[in-house]
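Quick one: the structure is below, and I'll ask about it shortly.
Order of writing sets the labels: A, B, C, D, E and F. Residues in every chain begin at 1.
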Amino acid sequence: MRPSGRQTDQLRAITIERQFTIHAEGSVLVSFGNTKVICTASVESGVPRFIKGKGKGWVTAEYGMLPRSTGTRNQREAARGKQTGRTVEIGRLIGRSLRAALDMDLLGENTIVLDCDVIQADGGTRTASITGAFVALSDAINKMLADGTLKKNPIKHAIAAVSVGIWQDTPVLDLDYAEDSTAETDLNVVMTAQGGFIEVQGTAEGEPFTPEQLSAMLALAAKGVSELCGLQQAALAQ
Amino acid sequence: MRPSGRQTDQLRAITIERQFTIHAEGSVLVSFGNTKVICTASVESGVPRFIKGKGKGWVTAEYGMLPRSTGTRNQREAARGKQTGRTVEIGRLIGRSLRAALDMDLLGENTIVLDCDVIQADGGTRTASITGAFVALSDAINKMLADGTLKKNPIKHAIAAVSVGIWQDTPVLDLDYAEDSTAETDLNVVMTAQGGFIEVQGTAEGEPFTPEQLSAMLALAAKGVSELCGLQQAALAQ
Amino acid sequence: MRPSGRQTDQLRAITIERQFTIHAEGSVLVSFGNTKVICTASVESGVPRFIKGKGKGWVTAEYGMLPRSTGTRNQREAARGKQTGRTVEIGRLIGRSLRAALDMDLLGENTIVLDCDVIQADGGTRTASITGAFVALSDAINKMLADGTLKKNPIKHAIAAVSVGIWQDTPVLDLDYAEDSTAETDLNVVMTAQGGFIEVQGTAEGEPFTPEQLSAMLALAAKGVSELCGLQQAALAQ
Amino acid sequence: MRPSGRQTDQLRAITIERQFTIHAEGSVLVSFGNTKVICTASVESGVPRFIKGKGKGWVTAEYGMLPRSTGTRNQREAARGKQTGRTVEIGRLIGRSLRAALDMDLLGENTIVLDCDVIQADGGTRTASITGAFVALSDAINKMLADGTLKKNPIKHAIAAVSVGIWQDTPVLDLDYAEDSTAETDLNVVMTAQGGFIEVQGTAEGEPFTPEQLSAMLALAAKGVSELCGLQQAALAQ
Amino acid sequence: MRPSGRQTDQLRAITIERQFTIHAEGSVLVSFGNTKVICTASVESGVPRFIKGKGKGWVTAEYGMLPRSTGTRNQREAARGKQTGRTVEIGRLIGRSLRAALDMDLLGENTIVLDCDVIQADGGTRTASITGAFVALSDAINKMLADGTLKKNPIKHAIAAVSVGIWQDTPVLDLDYAEDSTAETDLNVVMTAQGGFIEVQGTAEGEPFTPEQLSAMLALAAKGVSELCGLQQAALAQ
Amino acid sequence: MRPSGRQTDQLRAITIERQFTIHAEGSVLVSFGNTKVICTASVESGVPRFIKGKGKGWVTAEYGMLPRSTGTRNQREAARGKQTGRTVEIGRLIGRSLRAALDMDLLGENTIVLDCDVIQADGGTRTASITGAFVALSDAINKMLADGTLKKNPIKHAIAAVSVGIWQDTPVLDLDYAEDSTAETDLNVVMTAQGGFIEVQGTAEGEPFTPEQLSAMLALAAKGVSELCGLQQAALAQ
């Protein structure tokens, strides 16, 4: 029995609320159970220097946690003057994942910045961020199509992300904090709606994991991402 | 006629939502119209070095804006490695204001950290922050009383804050962004529910203001704070 | 009886020494009793990016304290790699105050940087800084008029600043450190020579202050600023 | 045909030179073809605060590249005052991987710091770093056993790492820079000598990769790590 | 003929004003012609960690220039968040030089911090700083002797510093900015009153200098330091 | 008898290995006994802003130590976010010294960056860096001549550097760590192959040094640099 009482292959309650704030071109509040993340997509004309003049676009992402999104307060990174390694690493993962969703030639020399700010954390903040950021990105793209900035939709495929792990020798889907902190292995998987892999990141926290365990976890992830992509589409259809 | 269509002495729609997130001892989402701020109060045992051993408590505050809480995206301060002068100044104002609400001897050697994070900005973020932070602080104090950390309530008086200004030669209450950006004078006032002044900060953006204008603005502020204190009490009574 | 032995409405001995150093376009050593600040005004051609191309000028200010300007040595901010919140806040106040003295259209696309460095502190360093900086600014403006950089004097009105406070229930003018550190309320007021308010910043350190106390303090401030503006004029006339 | 002329399952020429420098408890120059990394292991008594008093040890790692280890010079991170996101992320990966090799209870309250400094880069610097760091770690552990600091060997299993990728639709082992920069997918795999997974990190640079491609890459990685562990043992046996 | 009209072996007008500010244990305004530096000595009980428990004292120094001490304004290092290499290097030189003046065993576990802040620069700021700092240090030591903190005077010998250089093929003493900026060689010499060398730092800006030129410069420096030590003694005797 | 067993005027075993790494235009591993430094020269087109448009070139240098190049591990400066004063000072010395070797007019608007990274330290790292950097610089210059970037060789004279000191009252050449840490005086000398002085930096660690001791040390330095320049030429001739 999982601490959360869920089936091994069961996602937490997922909600995706669009137009959560008014200023951003895309603004989503995504919840994976008690994990809640505000994901905004900001459209900026122009691209960073290193790709200027190639007619291509760029997507980048930043991640943050409000100081008291967690059980005990974390020092505010802006006050400390430095992001932690974990923060930087997750921001890079989100950016890389979302870039894989777009055809940069069709985006033209525009930049989309994704900001994922965790307001309440209960495990899986990076996978919730990626899943929510795709919806915010879609909203921003749709605005660019509507106002004529873009002629053709640059989205190649929907993407979503979920964590899987080995908890008490059993592969389980979408770990919450209680499960995650006692899991032996933690694997974050970013996939397309069609089942292609964008990113796979797994770490043995305790014992090394076997090829069989990896296969079982990847199968769970595929199921989870497929459901998440369905929820993304439903949200975008509203 | 104000851009917002409000009377000169009329507040925006104010909402105060308690228990907005689950981890913090006090967690409030405060809205002054389209300005929305998450205010959390975190209780920590012990006090900073400079008041250690005096049996007194401490209250401090930090302020931040999500990068896309505004019309155009602001650089993330954590990524930039430095808070702006404005951010630091507002954090100091919030802390100073809330310290004035408490009897530090009754708080004992405990620290309460107030985090005010703007998720949507439309003018008056600092006054919304102070008003919301007082409710979060009250919830945290009540928890400390309930669990026996505190014997006696250290709150001396309720406090709230509101901005007033001279807009087209007329004193107006609670400026939104459209009003604030064209106002000649901007005055932020922190007061107690009993009408005492905690902090007065006014700046002539255009022409110097006269003693008469100052008096008129202070009267509006007193009216606004009185209403805000009523709304705080109503929220705390639920 | 005030610790300083002064009347409640009496300024400290004020001196304003022009051409204190040789390089700056304006250079003033201002003393408010034992508080001594070097204020320089540096003229730079061009303006910051955010106002470029509008034909307007800009005034900005920075504040600092020598490490041993105080009773115990403070860490050097340059060595620490970060200005304190207080330093940043005072620099912003000085800049805002002096900007209010000028017609930016008449200044043209020039920037004047005011540096206020406290070499000896005894309370009221920010008000001394503003008062001295106005004289340094005037000298710089006069040089620009003399060398033809400016055609018309952009100074709209003289400004000066003074602190007032409630000390042992009595409103007093121009607090020194001994008075300031035990005052219940501390109010910094920036005014024009004509008695208009530029900036009002008051904080209840102990009990909230009443509207009556505020009025009394503002009256004292008006008297003090009026005297300071007389001393500025006398210094500029030499 | 691979740019390097190698078979798809062929490692580059690997050399592992122990005692490369004289001061560190373990010091290794590892070469994966033209990629050369100095890996040192430094033993320090005591552990970081967050695990103090539990009788457990700690392993941490830092990564760096000499400014001109690459084709064009990179800014020196120490001069710039900040590590890049990539540097931080790789340091964290190395530390996490090597921690998995040890039984922290047997290490006692000691810390081993692994420094991996790339002096020449040609792709695969993070996998070379992990592979070399394990040998440096082993030498340090052997010194601690020899001098009585440790009673029992805390090494649970040898670990090594290698990159695999999809290059022109073909899975290939141990990509050099020319291959890596044109590969569609890049997967870094850390494994034990017994074939257990410690860490799997794969990213689709171009098209998403399929479960079949993932399986093929993982099989190549297993072959590569097995050979690398053989070379580590041979080096340690000298 | 030197730009300054001085003889080749002639110092600028030197003044040493003690008790320039009121708070520091030693406070000196030193002028070498138009170069003016405030040097303060602050006594702190205790020593840095690396010499704790050895019964020895410590002397350290920091150097700074007010932003407009120079012909064009320099960015404020505190605002920039970083000291320049030049600033750090001069601070280290001053500290090293003054440490050489004291018997650290006699100083006991006390630290003296020397702050040298240039308020007006015209060449030779580092040598003026060292010369003035010695007088500030002496005043601080005398206070410590007077109040019983020290039993025995730890000063081993007076020290002073002067620059010498090759200007138009001629060795000259105490270069001002006009001379310094066109000199071929610049040598800073710190010596004791007895003619021993504490520090010699010379750089060929243009052509390499010869052993003969070095000898001639060192002789000029010895003459200059001897005169400066006389002026220090005269100032301390007042 | 010196700790190293060397004659008072004897250098350590010196080796200069060119083409140590493959990417840089000049890459040298220099050893002064157990002190080992990688010196690379990187050619960049263009010059820093402050000399742009004058047709002149620029040479700059940076210095670093691998964290475990020393007996106990030093904190990594990139992780700490700040270079130490010592690091900055040595980088400035190396740059200044190498600039003296070149005719900047002949270099044209090109910049050469010298990176000196100590992989093993045993005293004299700055003098080894300068000596090795000259060879790396020469290789880079030769490449620029060969590929037509330069028409005429800008090298005015070879330079090398060595430390000398007073150890147990005796002047000795090229101090290793054991000698350096107990020496009374430490003097670093940069000279041309023709015996001209480029830089002289001496510090009395214990007692002041006399003019006679200075002469004796300078004579030793001249002998040492002459031998080092011979070794540089031999290396460049291979």
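FYI, a contact is a pair of C-beta atoms (placed from the backbone, for glycine too) under 8 Å apart; a residue touches a chain by one contact, two chains touch by 3 or more.
Everything numeric in this text was worked out from a predicted model, so none of it was measured.
In summary, no chain was found to touch both subunit A and subunit D.
Note on A-D: its contact pairs, compared by residue number with those of E-F, C-E or A-B, agree for more than half at E-F. Averaged C-alpha coordinates give centres for subunit A and subunit C that are 50 Å from one another. Averaging C-alpha coordinates per chain places the centre of subunit D 33 Å away from that of subunit F.
Subunit B and subunit C have centres, each the mean of its CA atoms, that are 27 Å apart. Across the assembly, subunit D contributes 81-82 as residues in contact with two or more other chains.
With chains as nodes and touching pairs as edges, the resulting graph is a single ring in which every chain has exactly two contacts. Round the ring, the chains follow in the order B, C, E, F, D, A when counting starts at subunit B and proceeds to subunit C.
Considering their complex, residues 21-24, 27, 34, 36, 38, 40, 42, 44, 62, 64, 66-71, 73, 76-79, 81-83, 87, 113, 115, 117, 119-121 of subunit F touch subunit D. Subunit F contributes residues 82, 85-86, 88-89, 91-92, 96, 100, 157, 187, 191-192, 194-204, 207-211, 214, 218 to its touches with subunit E in the complex.
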